[in-house]
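Presented below are the structures under discussion, each in the form of structure tokens.
Here chain A shows up in two complexes: once beside chain B, once beside chain C.
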Partner chain A sequence: MFRRDWTGRNPVSKCIIGSLVMGADSDPGAPSAVPWRKVLYERQPFPDNYVDRRFLEELRRNVGVRRYRYWPVVREAGLVTQQLSCVAAFLTLWWYMYQGQLYPFTLLLAGLLCALLGYGLYEALGGPRTEGRTRLADLQSAAIFLAFTFGFSPVLKTLTESVSTDTVYAMSALMLLAHLVTFPYAQPSPPGSLSLNAALFGSVCLASRLPGALHTFAMVTCALLVFALWPCLLHRLRDRAPRGFPWAAALVSLGGIGGLASQSPGGAVLLALAQLALTLLCPLLLLWLQEHKDNIHGPWDEAEIHEDLSRFLQ
Partner chain B sequence: MMGQRRRAGPKGSLSNRTPDGIAVGIQGSPKHSICMVSDFFYPNMGGVESHIYQLSQCLIERGHKVIIVTHAYGNRKGVRYLTNGLKVYYLPLQVMYNQSTVTTCFHSLPLLRCVFVRERITIVHAHSSFSAMGHDSLFHAKTMGLNTVFTDHSLFGFADVSSVLTNKLLTVSLCDTSHIICVSYTSKENTVLRATLDPQIVSVIPNAVDPTDFTPDPSQRDDTKITIVVVSRLVYRKGIDLLGGIIPELCLKYPDLQFVIGGEGPKRIVLEEVREKYQLHDRVRLLGALEHKDVRNVLIQGHIFLNTSLTEAFCMAIVEGASCGLQVVSTRVGGIPEVLPEELITLCEPTVSSLCQGLEMVIARQRSGTVLPPATIHSRVQTLYTWRNVAERTEKVYDRVAKEVVLPLDGRLGRLRAHCGHVAGSIFAFVAVLDFLFLLLLQWFVPDSVIDVAVNASGPRGLWGKAGARKTKPSANCHKDTGTG
Partner chain C sequence: MVLKIFFPRCCNMADSGLLIGHWLPGQDSAVVLAVVHYPFIPGQVKRYLSQLQNESRVELAVLGSWSMPKEGQEGMESFLRDLSTIFPRGRWLQLSREMGKRGFTCQVVHRDGELPRGEGENCKGDNGDGGGVIFIHYDQRKSQPLFLTDKYDDGPLKLTHWQSEGREASIIVELAKQASVPLCLLLTWLLSLWTWLCSSRLLNLPPVRLVSSKLSTCVQLSYRTEHLQTVSSPKRALGHAEFMRKANIFVSFFVDVALGLLLISWLYRENRISRLANTLVPVADRVAKELQELLQWLMGAPAGFKMNRALDEVLGRFFLYHIHLWISYIHLMSPFIESLLWYMGLCACLGLTFALSVLSDIVALLTFHIYCFYVYGARLYCLKIYGLSSLWRLFRGKKWNVLRQRVDSCSYDLDQLFIGTLLFTILLFLLPTTALYYLVFTLLRLVVVLFQGLIHLSVDFINSFPLFAMGLRLCRPYRLAEGVKFRVLCEEPGKPLHLLMEINPLQYGSVLQWYRTPTYNCYPKDSWAALCKKLFVGELVYPWRQKGTKTD
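Our next item is the complex of A and B:
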């Protein structure tokens, strides 16, 4: 941080400066007939420690600093909140499965319905399509993925059998946390590989503790819907239907809280408080801190290369 | 503390063998015992290294006693003598990163104290803000009551975490340093801001080049072509990426243009790729790392010297280029606009298009023959920056600093806490107290009076070259090694 009054030194230093000024050849403030120039190649009639009025005149403050407004920031913070709720919703579903209150078939059916609805919405919203990608190709990858997950679900089921349940829970908690921390909130589509991998790893860990192979399959498919496909849809929603986006985020947030409330009212209250703080208080904090921003720039800054120099190598 | 005590006159057997803290030379100006400290010295090569060497030589010439302290470089450890009795201590301290030593604030005190006491040092002069050893020596010197000077050779930003931390450390290190020297006005502004200093204790003394090392020789260049010379480490900060854009752009336009590039570094791959892609093997010569003595031989082959640095405190390279009579084209960054007068340099923005434009202008002038002849450029440049001048101005700083009182411990603690913020200030005030106690402990174990006084090689009573016997002793090859700095 830069303190504005660099002359505000304590009395001891002033003494030293005083003695400096008294030196025969070292009066830094002596007026002179010739104006001082900021050049080294000329011998100038000034002592080496001379400080001109133009000292630091090229100093610039807060160049290119963005001034935020409250509501747009809140809107963007909604993305963080809903992601938190996504994790909560996923955990709630897992808990229902674990308790046997939710059948894998029900979850799979609901998942299929959601996927179809989401796909339809995604298409309806329009936007750029990946080159050469047809609906058939989408269907094909979905089929391959489902087949493989289904085939491997018995393996996944027994994957963590030799690991103690505490370790599995701790690991999934850690992984879901890592997912939340590393989630690329600025550009949520496609979800960053680290964040997606962490989430899937956490879900596989949890799914392997469920009673049957079909349960595991349903849970992993559900994880894919929540952590991989939903962020893509949300991103497109943000791009193409900016008005709808806050509503979607709010809906998911409330859904997460509601789901958690059905199992653990205390947890739901905590989640709701955390989400309120995230959406309403954190933007306030950002705005408040932004006012204290004091960035300094000047000729000493390293120049940045803005051009795309890779074009010379293509 | 030691400084005050010594000024009062050392007691015991030493008093008849050593002069007082400040000896007075024949001309009446005070002569100092100066200890230059930096992690960067020969066999490492670069701007800081040659600065320390050349400045020390010129100070010895002016009658001061100068020693250099650095860390051991591989097999090069212990004490070495260079030209004119310049004594170098290569201390066995652990190197951490980029030739900078590890710092714990304490572990170097016994060794450094030993050197300072043995050599009867009055002024400790540390170089380069990257040198942990330099900062350590400042810290200990202040604990021992010695006057301190610091030279900053580089520019730093303010934006990222690493610079925020290093700037804080610099604030702590410089807040009670007697005087600071910067190599350009831009560098002074930068240092004053980084360390929140009073600008009046910061002097600007530029770097210099040895003009006799860099003389023009137009017969060495091929006048049927136009040659652009680049001599620089091939790293990002030197703008090598820009160079990789300039080369194809200009080579396609001018069939008689060729590039000679001296230097080595991680960005060499960029230039090699460009050369490969555009089939320019006969027109872009990559010479690899150059020894200092070869730099001139490369420079005189060219018509134009190109510098693409993205940041630079002073930039010796462009002065060397101009001294060899080349047309200089450079980016307008850092302290570069201060270095050469307008008629000797073409300044461009740090973009490929701007640099190409500047180069094309100079090429056109070169073709039409309206450029200054190399001999004229050389004669303009040779008087601008000389080491003698640098030494003279640095001497003034020493004279000024020698008159100042080093802050006693309580004053130092107050300064630290007032100047460096409550948290960092308090922490380092505590460290300063510990350092002081450690010094007392060392003085109790080995009192100053027990430590042998070194024979002066340089300085008012320097024995170098006076007795024939001493001449054979020092390692003869040192002189040759560092002859060019």
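Our next item is the complex of A and C:
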């Protein structure tokens, strides 16, 4: 409470800290008959920017800094790794389709199987249901996805016909990168708008290069599974079964690397290296940097109201 | 206070006599209007003045005496002084000229036995010591009280004042004035009949009204009616502005009709109408053919652009079919075009503006297909732009908050995001195709609008140009005064200051600005930036813009 009286309520007070300290140092011979009080509502025989020697006593360092341990950080970093792997897996699938080595029916069937399994697992894990979300609503959503994708797939197929392949690749790469950058790793369910949209845009661009409308449909459905539904399941898994989560992440990562290895071993090696760096080196870097953290807090911070104000807000 | 005497320039060299004019109450200044020459009988002068005063309701008085020295007229001074006793007033001015000098002197005699303010023969103190006199010479133009009885000095008195250059034509003017009253009445009656016809219920049905408000001929007709109503009202114009408005409308109407008759005399000779009709149909055909070729070009790969093939083909076929319809319509019309043109040409006898309006309407009707294309293209493009802008917000996880008029963040459902992104992708990739069609048809439309705009501008120019005011400014600049300016005429020590008051005529620009007849504004109301913005987002620019646009 006392702090709030002194600093006022705006961040501007931070800017005048310098002059306040100067005032304290440059004016040692102030009349000391009246003790100085840190209030602005009284007229005192001191200049407005005067503070006394007790000013820096309230300085505190690294108040809210958390000390991390290595293995939990590695565990969390697994989320990033597996997302990278997801993208790699999707690209591998697309490449197979593009080469004609994977039939859309196969992919659709596999996708359906995965979706059913995933949905079963999701329900089995339990947990709070989103409000107003019944099984019927889920079914409705699924129907909408399928119907729209199926209906639009001929349009999507001809969409980028006249755009050069390089442009499409560049655009997709950019969008998938944007997906990785903006993915909300801390709170992956529901997936953030921008990341999901970027991923869908990129996958639609890629899917439109495929030879047939059914291919496009299968690819977009696959993108939906990988980028929209899988993060939901993973989040549920992390919440409800913390033990199973690292295994799932590792499995997906390995799956991504393995899939890529079947098409281009060099790319797989690169991906594996990147994942290793992300999982093992980046946490080390974080821990090392954390020790150098120097955060100061003090009376110049913005005021925080600790009282419960809910009774004023009816 | 300095006594100001306004002295007409025409009386500078007048013979000696009495000064007639009036005092401006409260301003310590006198306006001299005329000089009555010797010989006169004082009783006659008084009677004459009272008669004038009754007729003109301007207070006239004998201000003083005027002496112009001539050989054989010495010794007038005492006589003039005596005159002041015959015409009793508060102050008596005694102006006299000396031979060979430019300025003249003034003596003010007060009636109530005070000493004369001027000392001796000179009036000192023109440097503001309280009793100075300033002469302001002015050009006398049509002094109303004296001109009411302009009898060319055949009365009992001899006067010097400004003479008009002659009123020989005044008989014709008077006759015209007399004749104009029944003419005006007849015209008013005809006009009321016409307006009654126009306001009948059949012509006020919404579709008829809509069409007539878009046809420039109808708009011009309504403006001409309004103008004629103004001119033919038998009431006298009250103020200067109203009089000028009437005169301007009258003159420009006559010029317009004269130009129209000229056009008719040119058009209806040597079989020009049928030649025109014979060229019109091939021209329309040619335009349609060119459009067809343009569409074929657009349906390929125009200027190296790679457009969406499917959409391109759909749009191209749609527009081609439209042109096909148009060509058949033109061919159906072609036998009647000549007679139609013949009758329409008769419109020109109502004025050149009508002929131009009809031309504008014909152009509008003949390029209706371009207008249609423009509307389709603009609507499609507008839909795309609005869809893309709102889907782009969805793409970023934002939405437009209608209540607060700002963009808020919003968490969408999974299916909303999915469908939104799908549509966004589709719209984005189809945008170049639509935009190209829109661009081409907008350019075509702008060419037509530019042509029509030029015609409308010229019609508006004829309608609103203040011909009468311009002519007045050219021939009688003093009638349109902006103000007065003073020039020092003669400044000698010991003599009153002589100033020349000249009329500052109105600038030509201001004449245009003041006396322009207000017309319907055919100029675009948007600024260039607003127009470009509208073109960019695909709103319809001209015409058929929604009047009461829904805001918010």
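Here is the rule we use: the second predicted complex is superposed on the first by the 248 of 314 C-alpha atoms of A that agree within 3 Å, B and C clash if a C-alpha of one lies under 4 Å from a C-alpha of the other, contacts with A are read in each partner's own complex, and residues count from 1 in each chain.
Methods note: a residue touches a chain if its C-beta (ideal position, glycine included) is under 8 Å from a C-beta of that chain, and two chains touch if they have at least 3 such contacts.
In this text, all values refer to a predicted model and were calculated from it rather than measured experimentally.
In the superposed model, A:L56 makes contact with chain B only, not with chain C.
Shared-chain residue A:D301: touches chain B; no touch with chain C. After overlaying the two complexes on the shared chain, residue contacts for A:N197 are found with chain C alone; chain B is out of touch. After superposition on the shared chain, chain A has more residues touched by B, the comparison being chain B against chain C. In the superposition on chain A, contact of A:S262 is made with neither chain B nor chain C.
Contact with chain C, but none with chain B, is seen for A:T158 once the two complexes are overlaid on the shared chain. In the superposition on chain A, contact of A:T106 is made with neither chain B nor chain C.
Of the two partner chains placed by the overlay, only chain B lies in contact with A:Y41; chain C stays clear of it. The contact sets of chain A with chain B and with chain C never meet.
Taken in their complex, chain C has these residues touching chain A: 306-310, 394-397, 411-415, 417-422, 424-426, 429-430.
Note for the complex: chain A touches chain B at residues 1-3, 6-7, 9-10, 12-13, 16-17, 19-21, 23, 25-26, 28, 38-42, 47-49, 51, 55-56, 58-59, 295-307, 309, 312-313. Residues of chain A touching chain C in their complex: 141, 144-145, 148-149, 152, 155-156, 158-164, 190-194, 196-197, 200-201, 204-205, 220, 224, 228.
Across the complex, chain A is touched by residues 155-159, 164, 178-179, 184-187, 189-190, 192-193, 196-206, 237, 239, 241-242, 244-245, 248-249, 273-274, 277, 310-311, 314, 331, 333-335, 337-341, 350-352, 384-385, 393, 396-397, 400, 403-404, 407, 411, 414-415, 418-419 of chain B.
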